[in-house]
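Everything on this sheet refers to the single structure shown next.
Order of writing sets the chain letters: A, B, C and D. Residues in each chain are counted from 1.
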Amino acid sequence: MSGSSFGKLFKITTWGESHGKGVGVVIDGCPAGLVLNEADIQKFLNRRKPGQNEYTTLRNEDDNVEILSGVFEGRTTGTPISLIVYNKDHHSTDYGNIANCYRPGHADFTYDEKYGFRDYRGGGRSSGRETIGRVAAGAIASKLLNELGIKLISYVNSIGDLSINYENFSETEIFNNPLYMPDAECANDAEKYLKEIIKGSDSVGSSVECIISGVPAGIGEPVFDKLDALLAQAIMSIGAVKAVEIGDGISVVNKKGSENNDNFYMNKKKVEKLSNHAGGILGGISDGSDIIIKASFKPTPSIFKEQQTITKDMQDTMLAIKGRHDPIIGPRAVVVVESMCAITILDLMLQNMGSKLSNLKKIYN
Amino acid sequence: MSGSSFGKLFKITTWGESHGKGVGVVIDGCPAGLVLNEADIQKFLNRRKPGQNEYTTLRNEDDNVEILSGVFEGRTTGTPISLIVYNKDHHSTDYGNIANCYRPGHADFTYDEKYGFRDYRGGGRSSGRETIGRVAAGAIASKLLNELGIKLISYVNSIGDLSINYENFSETEIFNNPLYMPDAECANDAEKYLKEIIKGSDSVGSSVECIISGVPAGIGEPVFDKLDALLAQAIMSIGAVKAVEIGDGISVVNKKGSENNDNFYMNKKKVEKLSNHAGGILGGISDGSDIIIKASFKPTPSIFKEQQTITKDMQDTMLAIKGRHDPIIGPRAVVVVESMCAITILDLMLQNMGSKLSNLKKIYN
Amino acid sequence: MSGSSFGKLFKITTWGESHGKGVGVVIDGCPAGLVLNEADIQKFLNRRKPGQNEYTTLRNEDDNVEILSGVFEGRTTGTPISLIVYNKDHHSTDYGNIANCYRPGHADFTYDEKYGFRDYRGGGRSSGRETIGRVAAGAIASKLLNELGIKLISYVNSIGDLSINYENFSETEIFNNPLYMPDAECANDAEKYLKEIIKGSDSVGSSVECIISGVPAGIGEPVFDKLDALLAQAIMSIGAVKAVEIGDGISVVNKKGSENNDNFYMNKKKVEKLSNHAGGILGGISDGSDIIIKASFKPTPSIFKEQQTITKDMQDTMLAIKGRHDPIIGPRAVVVVESMCAITILDLMLQNMGSKLSNLKKIYN
Amino acid sequence: MSGSSFGKLFKITTWGESHGKGVGVVIDGCPAGLVLNEADIQKFLNRRKPGQNEYTTLRNEDDNVEILSGVFEGRTTGTPISLIVYNKDHHSTDYGNIANCYRPGHADFTYDEKYGFRDYRGGGRSSGRETIGRVAAGAIASKLLNELGIKLISYVNSIGDLSINYENFSETEIFNNPLYMPDAECANDAEKYLKEIIKGSDSVGSSVECIISGVPAGIGEPVFDKLDALLAQAIMSIGAVKAVEIGDGISVVNKKGSENNDNFYMNKKKVEKLSNHAGGILGGISDGSDIIIKASFKPTPSIFKEQQTITKDMQDTMLAIKGRHDPIIGPRAVVVVESMCAITILDLMLQNMGSKLSNLKKIYN
């Protein structure tokens, strides 16, 4: 019940199905006074929209966002911001065998088990289109964080066995290739590889990384709403994510304490660390260095190869999925990961404002 | 602010510092009628308590739990269950240089940044003792889940470069070795390895896995309170965890869709899957097969080797940590991981009860 | 921050300003399988819409609701139900002196103090139109409660000094007069009285009562989410409400215990009470008898008489409000009170499903 | 489920039964740096403790509070503050017929209906002792509010038909008479009246008022977490409260708009109102003037007169309650009302800190 809201003070509530009238989000608790217009949000939505290139589905959805409330004379008013994106092809009616088959790797079976039936059109609520609301809200959170000197960079760092070489890392390159990779050479190899995957009527996994700089030390609410804990929930809640790592992630298992600890030192009156294995978080609280988070995405479950499965009448069957599907999830998910990070951090920064009595006096005296 | 509660209907609130008067938890929303006594809880606490063997700190804390409310005539009443464990050595006074030094890998610095000052005695709130409240609550959640036919198994599956061989997997073996590993041979090698680590005044990382069987299909609340999303928050909120994986976890990045999808089939009128790469969760909802979750723990940050760091007066310094510290976190954390999984799943099972109108009619008509 | 959501499992989030593009609500956590269409909701909205008669503003707003998500093939799917009502006259531009004056009895001043500025068009977020989202959600909650044998009746019981005579109480009469009063004679007198009020360019207060029958005993979550406590929040959150009473309300102050206690007795194997001073709630939990709640509404603050006030530049001034305004709030608020009661009770019935272990076994075994 | 927590950022969780081992509260989210010791809390608890005089039960409970966590070196650390008060007479065993009878006006019947059984000792969780946790938390909230220049005054203003005369109002008098009335003459008459009530083996109702001064304008979160809405929940959640009024309360029903509106004017560059019928709240947000709230308490349900009721085996019976019970609830409830108001206002002041982008810049830039 009621799992469609995220955040405590900066709270988003998403709604909508893939082939219903539209999808949207209500952002409640956005501080008043932020300059905001639809272009600020559209810019983010365009990074996830389909039809950008041959590696994303050919559906040409415009996904134009409309601000319905919460903004007056160009600034946020502090009241709920309601955003809507109308679905283009919600009149299509041919969903073939998806209506009565359970697609492997999809949520068809689990939704039927939970709710008794489901909106089977294009995945309904479990469709990737659900992330439109997240991205629209993330655009607002990001813009507000920028006002506070915080910057987020996100990109694909692995596709199948191909991973970027951090020595080739180029922030500008991220937007120069269709795979949103910061390493031109790796992107080039990955494109070739993806062409083969597509030829094979298959799909492949990928990983996305987000680096957030400028977050002040002290953000995160021990012990259950730690910064890393809420980032983990935020990222794992994105469809197809199967792992979340902070800083060095799973590689810490093979490390010794003397290798993994980050030593503090003073750099011209500023506290810094000699390394950042921790990914900017200690005890669930930001330490002032870059926050580093990584998400592992499974391969797109919709593949064209024929697969064994069952019907909703519990009969064994073979299924061949038709239609248009991305061979990989990562590239379009980059902005979704970035959005969820921005929303989580902004919400925790708002929660942290009252951590010290001295802060209350700054605001109220 | 107020990050010490977890859960929506089965809600736990933990409190207490390492060297304060005690630590505890309030469990609110536990269904009435569960047979419960202190021994049920103590059994779980004993799995995390120190001094069990040479790989855990030699402090001999009894950690005896006391039920203060919510249980009457041997059964839970539905009112808040308050549990307390008094601290033994909270009168010790020598914390040496910890009081004015920031230990690398610890939360000393971030707590001071957030709150302006901190209880420096033994890590205060950021101490591992905080998990006592989680485990006490987990014991209750687990007992209730057992009543519903749900079973949890947890163990250490990697220490440094040593990982268990699943062909040697033995559930009973988990409790036969001090490292809580299900593979006797691997446990034996790991013990030798740990002796070297201790000799080197160092520590090492580890990973813990939890397998939950018997969870009915349909548990999890899309889109932000998905089963995997809340498990990720629950596990990442445990101190020292740097990664959370569901099912095949990060290895999905290197898989093709045709390899990663789990095919459905009918096994004597029962829906089953030919594989379980998904770890029992599709679209954030349980699919009826085993739920598999893995946590990666960093090496214990407290090591005896001298380390570079700064004082709270922002001066560079060298620090040599004294006292008694585990060389590895995993073994004592096994029951913490299991407890957080049990709490998360029970809470979501309670939330799911109203997913269908037909369920309301079962209860109210 | 984020105060626009209400409910824990059946959770509503409203949005929208009086003269923005529209107003709406997202209902998250509605059980799947409820037969629902727009007419079910429109029926409720028509009870609050303006222009119904001479005692409600002459603006002719159709307030047609549109279901954007969460309903498929005529039934709720368990996913968020997004409802929207577009504003008709949001292009009007003349708000005269309201833009830079603080209207007495309105929220103009407090919104500016809180947020730094406000959407001054027709009251913006603090307008009565905000209740459209509540009523739309209430229509759904009421329909679901009806499926469980629960019925809500609401009406105006006082206008100024005129109160209904319970001996004349007629449920059908409620919909026979423009004031939604269950006493034809009192309604007739009240109409005459209101004509005078209007002549005097003034407004008057009123009270609304809601009686809910068929609620099973056991609903309400001690100690802060008691049934009466959440009803009090729900009703007091409606604009212009200044008092909430349960059962005999403030008159209990003058009662002796022997007069105020309701005695239990057995009526043909059924537990009943000889009286219902408690209004169906004991210890914050429903006792199975009728739940009775009363709300006191202040007079409409918008009056045509000239009033003393200040400008937003902090200058004393005189203000004469123009436009179209109801001389009384009660009649159109009847359905708002009923809606908030329905939402509150349904949410608590969902929360109560897990109160006993035996209930979990009914659903999961 | 889980209704024992109140507040979003300053969050309290109470636990404990009347005759269990003890009662307590966990306060999570208290800003760090507040000077606090047990005496600060005891002072508040002593205002509600029994045995103060002939109008309160003769049980002599000391109700000594102990701070278990969250305070270090005399200041709050920002971590959960756990407070406990051990029950003295929890070993008594004779609860006579209460165990198998449903006392009229009590929650015995509803608890059994909800949970299947109950802790019948002295009312268990529904006992007045539950308020100890509220008062202990309220003492902390009040002390913090005082640091911000906010002051709360609470008192009994009616007992049966006797009400204070505001012309005799004396703040100091409140603590000069056993009934906590600010009018010596009325208190004197009330004492005489109560003696008669006691002689008649009966009890009587009362009302309590709380006035909060110094709250800045802008506090309260529209539309469901309005200041008046949350105060209503907070106060109605106190046992025996049947009505909550803000400002002029129910009397607004009989008022005209021209009488009820409070006119703004400038008083030496300061915004003030010519009257305060609104009780300091407009549109659910504080307007800077005194916040006025009133609670109506029903007569103590425990009376010594024989009453008709039923047994838990559903048999009609007659019940004569024994033991020691207050003939009136108001006087001891004064500090409970004050505590709930303090907790509610502090929590909303914390939530309001992020209402404007400019506030975030004050804290983070």
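Basically, a residue touches a chain if its C-beta (ideal position, glycine included) is under 8 Å from a C-beta of that chain, and two chains touch if they have at least 3 such contacts.
This one's a predicted model, so the numbers in the text were calculated from it and none came from an experiment.
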item: Pair of chains joined by more contacts [C-beta pairs], C-D or A-C; value: C-D
item: Farthest-lying chain, centroid of Cα atoms versus that of chain A; value: D
item: Distance between chain centroids, defined by C-alpha means - chain C, chain D (Å); value: 26
item: Centroid spacing, where centroids are CA-atom means, of chain B and chain C in whole angstrom; value: 45
item: Whole-Å separation of chain centres (CA-atom averages), chain A against chain C; value: 38
item: Per-residue overlap in chain A, given as positions that touch at least 2 other chains; value: 1-5, 8-10, 14, 29, 31-33, 78-79, 114-116, 125, 216, 222, 350-351, 354-356, 358
item: Complex contact set, residues of chain A against chain C; value: 1-5, 7-11, 13-17, 20-24, 26, 28-29, 31-33, 66-70, 72-73, 75, 77-82, 84, 114-119, 124-125, 350
item: Partner chain D, residues of chain C touching it in the complex; value: 1-6, 14, 102, 104-107, 109-111, 113-116, 125-126, 130, 158-161, 197, 200, 202-207, 216-226, 228-237, 239, 241-250, 252-266, 269, 271, 274, 277-279, 282-288, 296-303, 305, 307-310, 314-316, 351-352, 354-356, 358
item: Residues of chain D that touch chain A when the two form their complex; value: 8-10, 29, 31-34, 78-79, 144, 147-149, 216, 222, 349-351, 353-365
